[in-house]
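Please go over the structures that come below.
One chain, chain A, appears in both complexes that follow, with chain B as partner in the first and chain C in the second.
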Partner chain A sequence: MEDRPLEYDYSVTRLFLIFAIFLGITGMLVGVLLAWQMAYPGVNTFLGEGLAEYTNFSRLRPLHTNAIIYGFVLSSVWASWYYVGQRVLKVSMAESKTLMILGKVHFWLYFGAAFVIVVSLLAGVTTSKEYSEFEWPLDLGITVIWLLWGCGIAGLIAIRREKTLYISIWYYIATFLAVAMLHLFNNLEIPTYFASGGVGAWYHSVSMYAGTNDALVQWWFGHNAVAFVLTTPIIAMIYYFLPKESGQAIYSYKLSLLSFWGLMFVYLWAGGHHLLYSTVPDWVQTMGSVFSVILILPSWGSAINMLLTMKGEWQQVAASPLIKFMILGSTFYMFSTLEGPIQAIKSVNAIAHFTDWIVGHVHDGALGWVGFMVIAAIYHMAPRLFKREIYSKSLMATQFWIQTLGIVLYFTSMWIAGITQGMMWRAHDQFGNLAYSFIDTVTVLHPYYTIRAVGGTLYLIGFIMFAYNIYKTTTARPVEESELQNASPMGA
Partner chain B sequence: MFHWLEKNPFAFAVVVIVTIAFAGLVEIVPHFAQQARPVIGTTPYTTLELAGRHVYIKNSCNACHSQLIRPFKSETDRYGHYSLSGEYAYDRPFLWGSKRTGPDLMRVGNYRTTDWHENHMKDPASVVPGSIMPAYTWMFTNEADIDTAYAEQVTVADFFGVPYNEPIPMKDGSTKIIKMGSDVAEARAMALAEAKLIAQDMKDQDVKDAVANGKIPEIVAIIAYMNGLH
Partner chain C sequence: MSIAELQSYGYIVALVFLSVALYAYIYHLYVQRKDSDGHDYEDYSNMALKDDITDTPVSEKSKKK
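Now for the complex of A and B:
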């Protein structure tokens, strides 16, 4: 037993991985639809007037954000956890029956919840809080799903052979703890049906916080849901998959220490940058701005650590499309974590807030960093999960360039749209009157909305190529049974 | 120390949670009581307005419209006085939004009328040429959920002391009472009475007929809500 490498159990990983691809296509498809609706409002009724209630922008928008963040990304994160966790802790899930059951229940509850969420959002059952739209019954369900994952983490750590926790594990633990805390506090609400003695809709609730307090808690949550769903678990992934795929050791342990603890301490303060010039106390706004700028340090610490891991091995970036995804992903992480702090500076925020520049920022992070890293992780895992080489390297390379072009079109058009609109809103003529009516600042954006829709469509096309490539991988010819080291094998 | 933490998962988790919880404790907790006080003249929502607010939320109007006027000349010129914290004292949840695909609505009741909203929700581009807002025709047929609005009123009055049926000081020194029904039947009757006033100013015959028959379409409720935004 001790002589040969451990056999790991990937049954739960496979479930999450396949569901992640399905949710990715769903979420991106809805996103593309929204983009076309903003360019051409007629698309709002593309299934006819009768179904307009369920196909118009405002019902679909929460579906898009939730399908991507808590669908595509979380499912990928969990696929990676059930893969990476076993490998760096040097223990197989199959060694514990309880862990196997926990993992499977975790998946199937999540799978069921996903469908309930789609139906409830389309029906307009929402609390309106961004990225926290679910009503109380779903909040409770999500808490259970989250705790199941937590038990899985604790259980696997408890029976581990490798005593020292690898960097990836730090980030998974932080993700679990932070999201648990944020979810609990942001969703404190009173079900009105029970509080009023059985009147009205049973699923309706009212927030424990009012007005400015509600806003403060919501953006403390909102900003950090981004941090701890779209950043920390993705860093966990790259700390494992980049060294594995490239065969290079992580450049600096000290840099990873600094980045991790820096990120933990600084990130939570920065939520205030969503509330600049609002009615929250000035000092909270200033703290939000200042800590957002400080946040560059730990963010760039991780990204630079990744780029320097490739030191002396840069030919791999040219040779492997898989490495390309990870390196461009890290670069987009640097780019996005510089852009964010710039937007958090009060005077810049005065122009940028409420505009499409913010939407652009979210997407160069989500498409460039999160999307690319997840795609790379799945490409790395697939040959090991299915014991087959990647179906097509050239398809992967084509996908990479199509998606990169899509991202560039997306963020450049949204920069221009956002700054144009921000400047037009505040423009005064020589007599001190507003220079533009609001609608002028909408119609001017039409070309940029169209370019963005094209960019999004390209990204979706690339993602469908990815799904096809993975599908064919599961059916193409088997490779040898031996454990794969370093670079993933790829067919032409 | 770090090496030790990395071998002791429980201690590691404790240190992480302390590190991340710190910011929330310092930034959020101290200001809670102070900010929740209403400014003079702020009143809680009537049953119909609250039902309209639920329609606003149901259709994610906040995805494209803010309710937060920042203290800049360009914003006060366009939307009116900048927002004050106390004006949101009865907003659960807050509806500031994060994107202005359409204009701010914090004080839309000051400059738009019932018939403007009616035409606009039916066909936005006919009122504002070039508008990219979709039509909300289903609001003319779906019924507003008055019962849930009433349940929410009862809840916030019980748990948070929202002053229904109590005199509330206004800016001119007078007082105003926002009534809440003593049971569901009374709440429905009060909402219908308010809906009739709105329907008077509307043109859509189906909506008028529905209100005359004791039904309240969503459009009536959301107009009541928007007319009340000052």
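Now for the complex of A and C:
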């Protein structure tokens, strides 16, 4: 065999990256369909009454959330891990056969699980726990997939050349540890078939928690799933991809460490804000509110650190659509992490709870922060994976503006819809009778639901442009290694 | 002492310890320019910028055990 110089091995990254784009299109397509269903209920039966069971809102909603959170996002996170992990630890996957096998088994098991999950959710098999809908056999499978990733992280760290772990690695480790804990505790459940001696379906289970305890565990899980699937791994990405693409050192490495530990300390306590004015103890509610407000500090610590990294180099933001995605992503992160604490204040929550404002909040984080950062990461990785320039800069810029418009339409319509809802639900006459019935709010909200659906559709169109751009990149102009140091090479 | 009481005391001890540890670390970052290995914290940014497999590590892992 010829002696070849050591190179990073991106074969696992490539698999996760391609799957992430596929899952992104699937999840967003279902999301857009749901948005149009909210505006025009007739869309619930767009494939006819006979198939209504599979096309109605309630059946498709878990498919949307799971395809985006555990599909599109996790697959992108793993693509980025198998890329960033090697580079900042300065070790190649090719140096360890075991790690390569682990990585590939990790992907193919995940691929298989994704298929089973889609089928099971469409068939209506669900535990009915939000963001934790999978039944016990799938939960066990997910545990195995997660542990495989953990072994991959530990293995790569064990054979590293760089002694100190870069800040992104800390965020990936936090993601692994926290989600492992969240998944195990929220999914403690009893398979009813086996516990009852053969009654009902073999895959069915009931939670080990009940009532208020169930709510507490569920929202400890739910809020921290946002923290450790939609926040920490995305921060891991921006701490690598923004400095690398711009060629600028992080503004303050110390601030990145301070923000990391601050975030770890504060985030886990904030989940109580999902249960304000419910039957959980009052101190838990207050603690949830207080910690949510404190959470602004470490969140903004990271986001401001990223914006200041561009200090003196703002012309790059104007010149590169790739950097635009990251800077707007970071800005949306600041925006969401200010909006969230505002909504967690008890008096604001009295209006915001159960309204579309919450949906708007989730989506300016998901579309603006997570989506944009993932898109930027994939755009940065693609030329390095395929050794080719990005197919079209102008297509990327057009995508950026179309998606930005989509996000703005989404969150502004949901602000107005949410606050309108909250105010109408509370309004009463001088005798204490409610001023409006529920259908009155539905009528008023219709235009905003339509605007939201248009916003979502624009975002999806932008994402399809993105997928096309990446697809064409695989056959674009080949580039030399020297062109891949910092700013990604792009065709016109 | 019941298990619930033990949990409560453990909770308080852990909370105080973690709070002190966090603030001690923040103070350390505030006053120290370099870490215990003598590396300037800000040099670690180079781990992302100089990340080719042939680049010299910012703080090389010792091969000897």
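In this section, the second predicted complex is superposed on the first by the 483 of 492 C-alpha atoms of A that agree within 3 Å, B and C clash if a C-alpha of one lies under 4 Å from a C-alpha of the other, contacts with A are read in each partner's own complex, and residues count from 1 in each chain.
Simple rule for what comes next: contacts are C-beta pairs under 8 Å (C-beta built on N, C-alpha and C of every residue); 3 or more make two chains touch, one makes a residue touch a chain.
From a predicted model like this one, the values you see are computed outputs, not experimental measurements.
**Q** With both complexes overlaid on chain A, does A:358 touch chain B (first), chain C (second), both or neither?
**A** It touches chain B, and chain C stays clear.
**Q** Check whether A:108 is in contact with chain B, with chain C, with both or with neither, and answer first, second, both or neither.
**A** neither
**Q** Quick one: classify A:164 as touching chain B (first), chain C (second), both or neither.
**A** In the superposition, A:164 touches chain B and chain C alike.
**Q** Once the shared chain is lined up, is A:90 touching chain B (first), chain C (second), both, or neither of them?
**A** So A:90 only meets chain C here.
**Q** Looking at the overlay, what does A:257 touch: chain B (first), chain C (second), both, or neither?
**A** Both: A:257 reaches chain B and chain C.
**Q** So, A:350: does it touch chain B (first), chain C (second), both, or neither?
**A** The answer is first: A:350 touches chain B but not chain C.
**Q** Can A:269 be said to touch chain B (first), chain C (second), both, or neither?
**A** first
**Q** Could you look at A:244 and tell me whether it touches chain B, chain C, both or neither (first, second, both, neither)?
**A** A:244 contacts chain C only, not chain B.
**Q** Per the overlay, which chain contacts more chain A residues, chain B or chain C?
**A** B
**Q** Do any residues of chain A touch both chain B and chain C, and if so, which are they?
**A** Of chain A, residues 163-164, 257, 261, 265 contact chain B in one complex and chain C in the other.
**Q** Quick check on the complex: what are the chain A residues that touch chain C?
**A** Where chain A meets chain C, its residues are 5-8, 87-88, 90-92, 160-164, 166-168, 239-240, 243-244, 247, 249-250, 252-254, 257-258, 261-262, 265.
**Q** Taking the touch rule as given, give the residues of chain A at its contact with chain B in the complex, in rising order.
**A** 37-38, 41, 44-45, 49, 52-53, 56-59, 61-62, 124-130, 154, 157, 163-165, 170, 173-174, 177-178, 181, 185, 190, 192-193, 195-197, 199-201, 204, 206-207, 209-218, 220, 257, 261, 264-265, 267-269, 271-272, 274, 277-281, 284, 287, 291, 350, 353-356, 358-359, 425-428, 433-434, 438-439, 442-443
**Q** In their complex, what parts of chain C are in touch with chain A?
**A** It is residues 18, 22, 25-26, 29, 35, 37, 39, 41-49, 51, 53-55, 57-62 of chain C that touch chain A.
**Q** Which of the residues in chain B come into contact with chain A in the complex?
**A** Listed in rising order, the residues of chain B that touch chain A are 2-3, 6-7, 9, 12-13, 16-17, 19-24, 27-28, 31-32, 35-36, 54, 57-64, 66, 68, 70-75, 77-78, 83-85, 87-103, 125, 128-138, 142, 145, 147-152, 154-156, 158-160, 184.
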